[in-house]
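If you scroll down you'll find the structure; I have some questions about it.
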Amino acid sequence: MSPLPAAALVLLAAPLAALAFGFFVTHRVRPRTTHLPILASCAAVAAASLALLGGALGGASWSGRLFTWISAAGVQVHFGLLLDPLSVSVLSMVAVVGFLIHIYAVGYMRHDAAFSRFFLYFHLFFFAMVGLLTSDNYLQLYLFWEGVGLASFLLIGFWQHKPTARAAAWKAFLTNRVGDVGFLLAILLLFRWTGTVAFADLFSNPSLLSSQKAFIVGFLLFWGACAKSAQFPLYVWLPDAMEGPTPVSALMHAATMVTAGVFLLARSYPLLERAPGLLPFIALVGAFTAVWGAVGAFFRKDIKRILAYSTVSHLGLMTLGRGGGGVFPAVFHLIVHGFFKAALFLCAGNVIHGLHDSLGGAPTATVDDAGGLRASMPMTFAAFTLGAVSLAGVPPFGGFWSKEFVLAGAFGTPALAALGLLTALGSSLYIGRMLFLTFLGRRSWQKGHAAHAHEAPPVMWVPVLLLSLGGALAGFLAAPLARLLGVEPHHASHTVTALSIASMAAGFGLAWAAADLAPGGEPAWRSRHPALLEAVESDFGWQPFCDRAAGAVAGAARFLGDIVEGSIWDPGTEDAAAAFPALSEVLGRRARGILNDYALLMTAGAAGLAILVSLCF
Amino acid sequence: MTPLSELQPALPALSHAAALTALCAAAAVCRRAKGPSVLPAAVSAAGCLAAAWAAAAASSAQGPLLDLDPAARLWQLLFGAAALLFIAARGALTWRAAALLSGSLCGMSLLAGARNLFMLFLGLEMMSLPVYLLIHGLRPDKRSLEAALKYFFTGALAAGFFLFGLAAYYAGTGSMTIARSPEASPAAALGVALMAAAALFKLGAFPFMFWLPDAYEAAETELTAFMATAVKAAAVLMLMRVLSLGAGAVETLALPTLAVLTMTFGNIMALRQKDLQRLLAWSSVAHAGYLVAAVWAWRRLGGPPHAAATVYLYLGLYLAASAGAFLALRASGARTREDLPGLAERAPLAAVLLVVLLLSLGGVPPTGGFTAKFFVLWDLWRAGSPLLAAAVAFNSLVGLGYYVGLVRAMTLDAAPAEPRGEGACPRLGLRAAVIVCAGLSLLTGVMPGLRAGLEGLLK
Amino acid sequence: MLTAFALCGGLAVLFAAAALIQKTLYGSAMCLMGVLLEVAALFVLVGADLMGFIQVLVYAGAVMVLIVIAILSAPPNIAQRWTASAFPKPAAWLVPLAVFAGLASAGRMGGLEAALPQAGAHLQREMAGLLFGPWALAVEAVGLLVLIASLAVVREDA
Amino acid sequence: MNAELVAWAAASALFSIGTAFLLLRRQLVAMVVGIELMVNAANILIVFHAVRRADPQGLAVALLALAAAAAEVVVGFALILSMRNDENEAPESSHLRELSG
Amino acid sequence: MLLTGLWALPMLTAPLVWAAPSRRAARLLALAASSAVLLYSIWLWGPFSAEEGLLRLHESGAPGAYGLRYHLAVDGVSLSLCWLTAFLSLVSIVATWSDERPNAYWAAFLALEAALMGVFLMQNLFWFYVFWDAALIPMFFIIGLWGSGNRRRAAFKFILYTFVGGLTLLLGLVGLVALHHQATGAWTWEIPELTRATASGPWAPYVFLAIAAGFAVKVPVFPLHNWLPDAHTEAPAAGSVMLAGAMLKMGVYGLMRILVPAFPALSAAALPWAAGLGVASILYGALCAMAQKDLKRLIAFTSVSHMGFCIVGIFSLTPEGLSGAALQMINHGLSTGGLFLLVGFLYERAHARGLDDFGGLAQSAPWFAFFFAFVMLSSIGLPGLNGFVGEALSLYGLLRASPPLAAAASLGAVLAAAYGLPSFQRVFWAPPGPASRSPLVRDLTFREQAVLWTLAVPIVGLGLFPKPLLDLVAPAVQSLAQR
């Protein structure tokens, strides 16, 4: 562990400087130019991370402490940076993708009134993500973890006037907070049992934690990761997060933020290894989420929601990979997915941008609105196809390789294998449907604004294309990444590869059938199965269940706030205090000021004393 | 015992008596001085000062009937202070009123120095009769006559109790000197009980206190202040003297229960009062309850004179606060609760002083009232009865209910359209007296060492 | 001698009870006179004849005259004898009985001497010596008390 | 029959009747009579025991108590007679009801 | 004379301010006095760190009988609280600078500051209690005279409710001294001596309960909190800042200084109950805050929730928990003080406090939105800002004491997000309500921004660099935890 190089410091210093400069200077003086310092800082971070990647490939890794953060008696926490192969690899993906999406955002947000405010929030997220990836202990990771949650709250609710955006922002932060509570408890338990939260100390002697304790901490960490990486129970916020502008969805809710959970699981692999039953459990949850996401994606109309559910599905795949195959499959899929999912989202952004005026300014578009855009948006079509193919796992492209490693790891247990294959089929199914419906040919029921849909300006489609190319060619990164992570990639057996290609092909076939051959197309089909559609729309009752739970808590709050506080506590104290004047009123009315009565009471008192004395004598 | 030295202990009483006779003689001689004027007040004040000087300077001689131990000297000073406050606040007195005042003070001096039970009775009578007359004298209206009569008859009943108690004690032990008598007989115990009843009447303890609100409400405010302080102090003195005769059952059972009943009844009744003087009357009943508790604690701690420092301290600080409160009411001109709103705007100085005095009566820390209550609570804990301490604490809380209620009415409530109550009383002496009382209350609030000083004085 | 003593005591109590239930104030005053005389008789029987004489002089004389004048100077007629008390009727009757019970029970262990004590000749002389000797201050105080009482009759000019 | 018991009984009875006056009678003058009875009751006891113990102090006290009671009566009547009430009635405690509560 | 100056300076200038010729002169004098006190308290850091030992800068008058000495001393915890009080007084005076308030208003603040300083410095129970109750009177007048709406009822309820606590506390303190006397035969009112011998005896549990209840009313702990919402809603902005910022700390400080050291065994035995009540306060406060319609009442309930963390921290009796509680006191003072200032500015402009009255303020008052978001995030415990460190340490302490309670307490963080963000959204992002359209609602003036920046700097500073404060508090906390 060599001391921190200059590049490492740039990682954090550049974004901070850009943010400070942006907030205090350009946001005040010339809001339209806020993006310039921010883009510069993105470039700096990208360059620094690539430089570090080069160094890491040479086998180097760095760590260093900046300052002591908390030093109560038993709790000693330092602020430091750790740049080992894992963090550098993910960091470089995030930096590159982030840089490209920043450029895209300049084009996308040009007409927005709060242009500079958007970039400040956007870069705040970027800074938090970089901090998260490079922190050297759990508490610092938790700090940036919540920072990322805050940025997502600000960005999802960026269009403040939209009530749905506000609700989505709040829902995202609240769900993340539910997860973060588990994460915080894990950190506190770590302090309790091992006295430290620094990765170096924890992972250098694994005997610190007994297997039973490791299971508890591991589970709580997984619970935190579930919220951030939208795994089954806590994924509810991701579909609603699409309310935010598309670059936000692309960068945060596809490529980087949601992968933080997977990164956390990858980062704490020595911990999870010690817990016996934990990894299979994680894998199972991952697999289930994958299938669940795929089903959700297939039945959606809104193009961004389709991609959102697809992200849920692929995060499930990463978790499955992490659970089944260890670190390498998860990280490799994470990186590849980062590229092509960002590309797909940006293509969706282009489509929305293209159809903007014809949709009456609606921030999102559905599959019904689009249709046959191949002619009018060739570049976006090319990027989309590349991304879709890579996502579905068509052999030469990146997605195929990363999916292979995940499935190889999953094939250990039959259940996981089945779910894995099902996901492979599902992902090619929904991406195929989206491809056919939006770009290839216009169906009768589609409004097809292809006529006046216009291609996005170069500042938007160039980064998209680059990203999709990255996604497609990512396959070749497998070997260097494996060498970087120092692990031997466990190639899938030929049967596994054949099965996955078969399921992928089946998926495409089905999609084509559903899109073109079905009589009357989708609307007819939807009207025939309203119950099924409604069930899927509400994620088989899981979304309403969560809303009802939140409603119950709000109800309890109202009950406590209004009824307990208002009608029991307040009047309670007032009545208790009012009892005395009431008693005094009762006593006062009895006394009528008659002299003989005064004498009567006096004599009675004296007689009482006399009798008492003579009795007690 | 040369006659002169024998008179030594009686000097304070004699100086008051001299003032009394001088006033009567002057009245008889000059016909024209009809209305209240400053001269009689000055003569009476001179009597007080002479008594105070005598009490401080006289050598500690001990006659058959009177003696001047350190405690007695302290009482003389206490009575002198209350009297001077009355004279200063009143300013001018008719010679009859001045004579009555000197007579009452002479009675109190006898009471303070009494070694013989009969002197106690004489002191009681001499203290009470002038007050009955003064109540009606200073403010000759129907209400004050009614108050005087009620006070007279209940007072006479109490005097009857005291006399019969004295007789029974004499029958039981054969001695009349205030010293713990060896022979213990039921008659002696009965005697002590009845005399204690008379003392509790004068103090205003339950069930003997029903006369007090009427007398305090109808009397002239300065006289009420005098009654609430000097007469109450004399009553405490009587109670302590009588209990030192060896009260068995009265002390252990009756006193704590009466104390709790008094303070609770006093506080509860005060909550509903509209007339401010009647409210302060009931609050002084509550304070009588705290005093009875303090006396009980003193007895339980073995009853050495210096241990009574808490009682003296409480009396001294209560004297300042209570007299100050009554005089402040007079100075601000507020008669009933409705006169209070907006007082802070109309008479800011009077309002501020009244706030300080009310808080002191309530026992709120930065004021003397708290120091007094603090030591009472502590003594009760030392005497081994935390429950009585809890009762005192709870009652002072109820007390705060109406004290802070008055403060709220005065400062926070909005002033009514047309000004209410009589205008602020411009008398300089009155304002000076109130300022002295308020200043004393504030000063003693931060002097916890006061009690230790008193203890040293009494040793 | 003891029987005479008991007789006088009994008569005093009877007179007192009669005074209580008299319809007219004048009747009560006369019964009070009777009680005072009986008490004077008790003093004489016990041998303190000076006390008896003074009792008759001061009480039966001065105070009775005072009471009679007071009765005459105030309007005479009485509508209602008993008080309208806020407490239930019997309470006002029970309390004096309770007082009597308390006092009597306290005196139950009285001296065992049956005979009526007789004051020696010197006792009264010693009393006089005492009054003008050590107790001069007490006499002086009572004198002052009477002076103060006399102030009661002085009419304020208001 | 023992003398002391008789004296004690007489004194107690007189005292109780004295208090009865104050509790029961409506007329103020009658109450003064009650007060007088109470003082006499005490005097009986004091004189009896002074003689029994041959102690001049008791006699002196009884004597002075008489004077004190007289002074008290004077003040009482001074106050009673200054009562002005419209009905042509002897001054009663029922006229004194204005101060209450 | 070092420490006496700290409370004597404001106390003596208060009458001068009251008697000042004009309102401007009064305000200027008050400003000068409070800034002098702040500088003086910071300067005290020098001599403080020069000395050694737990309690430093001792200063005592003549030893009176029964140990009723006037004795001042300060340790890490009380010095930090003195700083907080001085800082908040200056902030509240500057914040309400523009108001045309009578001289008595400024005098009341100085008197309040003096009384609070007294509470944090006194080492003698008698004097501690004198200053404890003396602090109520200025606050009563601040709420009663210059509050809003039915301020009279709120002031009356505030002072009586707190007197109930005060008198129970007085009984407890006297009982403590009596118990100490039974144990050691010596009379003393000195806190250091009282806490040295462990008080025991049949009355000990009752005395413990009395003192605990007395302090709990002031903290306020869950069942005894009812005075807080009314007092805060009706108090003027500066009044709420002082009430929430400094006065609530008296209760917690009392627990740390007197109750826990004097009854170590009983405190440990009372752990489940006390920590349970603390967690109840956290959850109850947060839930009630979610249901409030009035901004100030909402913030009042958040104070109940934050103070719950302090209670939990203290009664975990672990060094981390105690330092967490000490830190939480300072953090709560800063963040809630800031929130009340902001709501005060809002009320001063639009005379409305309801959540539904406002909306869409982010457009018309961006700086307002920024600061409100910033301070609200610190209040709901976003890591990186000061709220988080206190809560984390308290939670850790509780975890060491009883894990189930720690789990329940950590739910407080979720509920915090549930009341924090929706209120922010409704006031700043939601469509404009009736009050926000009024022309009065404009962005923060320079003075207001300056005040808020002085608050924001420590909020971030303590969030990232709590070490200096933790070291300052460490010795006191260490001695507490060892008992």
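Note that the chains are named A, B, C, D and E in the order they appear, and that numbering of residues resets to 1 at the start of each chain.
In this text, a contact is a pair of C-beta atoms (placed from the backbone, for glycine too) under 8 Å apart; a residue touches a chain by one contact, two chains touch by 3 or more.
Note that this is a predicted model, so its numbers are computed, not measured.
Following the contact convention of this document, C, D, E is the list of chains adjacent to both chain A and chain B.
Distance from each chain's C-alpha mean to the overall C-alpha mean is smallest for E. Taking each chain's centre as the mean of its C-alpha atoms, the one that lies farthest from the centre of chain C is A. Taking the mean Cα position of each chain as its centre, A sits at the greatest distance from chain D. The greatest number of inter-chain C-beta pairs in contact is found between C-D. Averaged Cα coordinates give chain C a centre that lies 6 Å from the centre of chain D. The distance from the centre of chain B to the centre of chain E, each centre being the mean of the chain's C-alpha atoms, comes to 43 Å. Centre-to-centre spacing of chain A and chain C amounts to 103 Å, using the average Cα coordinate of each chain.
Put simply, the C-alpha centre of chain B and that of chain D have 26 angstrom between them.
For chain C, the set of residues touching two or more other chains reads 83-84, 92, 95-96, 99, 102-103, 105-107, 135, 138, 142, 145, 148-149, 152. For chain A, residues touching at least two other chains, in rising order: 577, 588, 591-597, 599-600, 603-604, 606, 608-610, 613-615, 617. Touching two or more other chains at once are residues 160 of chain E.
Inter-chain contacts, as defined above, occur between A-B, A-C, A-D, A-E, B-C, B-D, B-E, C-D. By the touch criterion given at the top, residues 8, 11, 15, 18-19, 22, 28, 31-32, 35, 38-39, 41-43, 45-46, 48-50, 53, 55, 57-58, 61, 64-65, 68, 71-72, 75-76, 78-80, 82-83, 95-96, 98-101 of chain D touch chain B in their complex.
The part of chain B that touches chain D in the complex is made up of residues 118, 121-122, 125, 129, 132-133, 136, 142-143, 145-150, 152-153, 156-157, 159-160, 163-164, 166-168, 170-171, 174, 176, 213-214, 217-218, 272-273, 278. Interface of chain A with chain D (complex): residues 588-589, 591-596, 599-600, 603. Considering their complex, residues 83-87, 91-92, 95-96, 98-99, 101-103, 105-106 of chain C touch chain A. On the chain A side of its complex with chain E, the touching residues are 67-75, 79, 139, 142-143, 145-147, 150, 153, 157, 160-161, 163, 166, 169-170, 173-174, 177-178, 180-181, 184-185, 188-189, 191-192, 553-554, 556-562, 564-565, 569-570, 572-574, 577.
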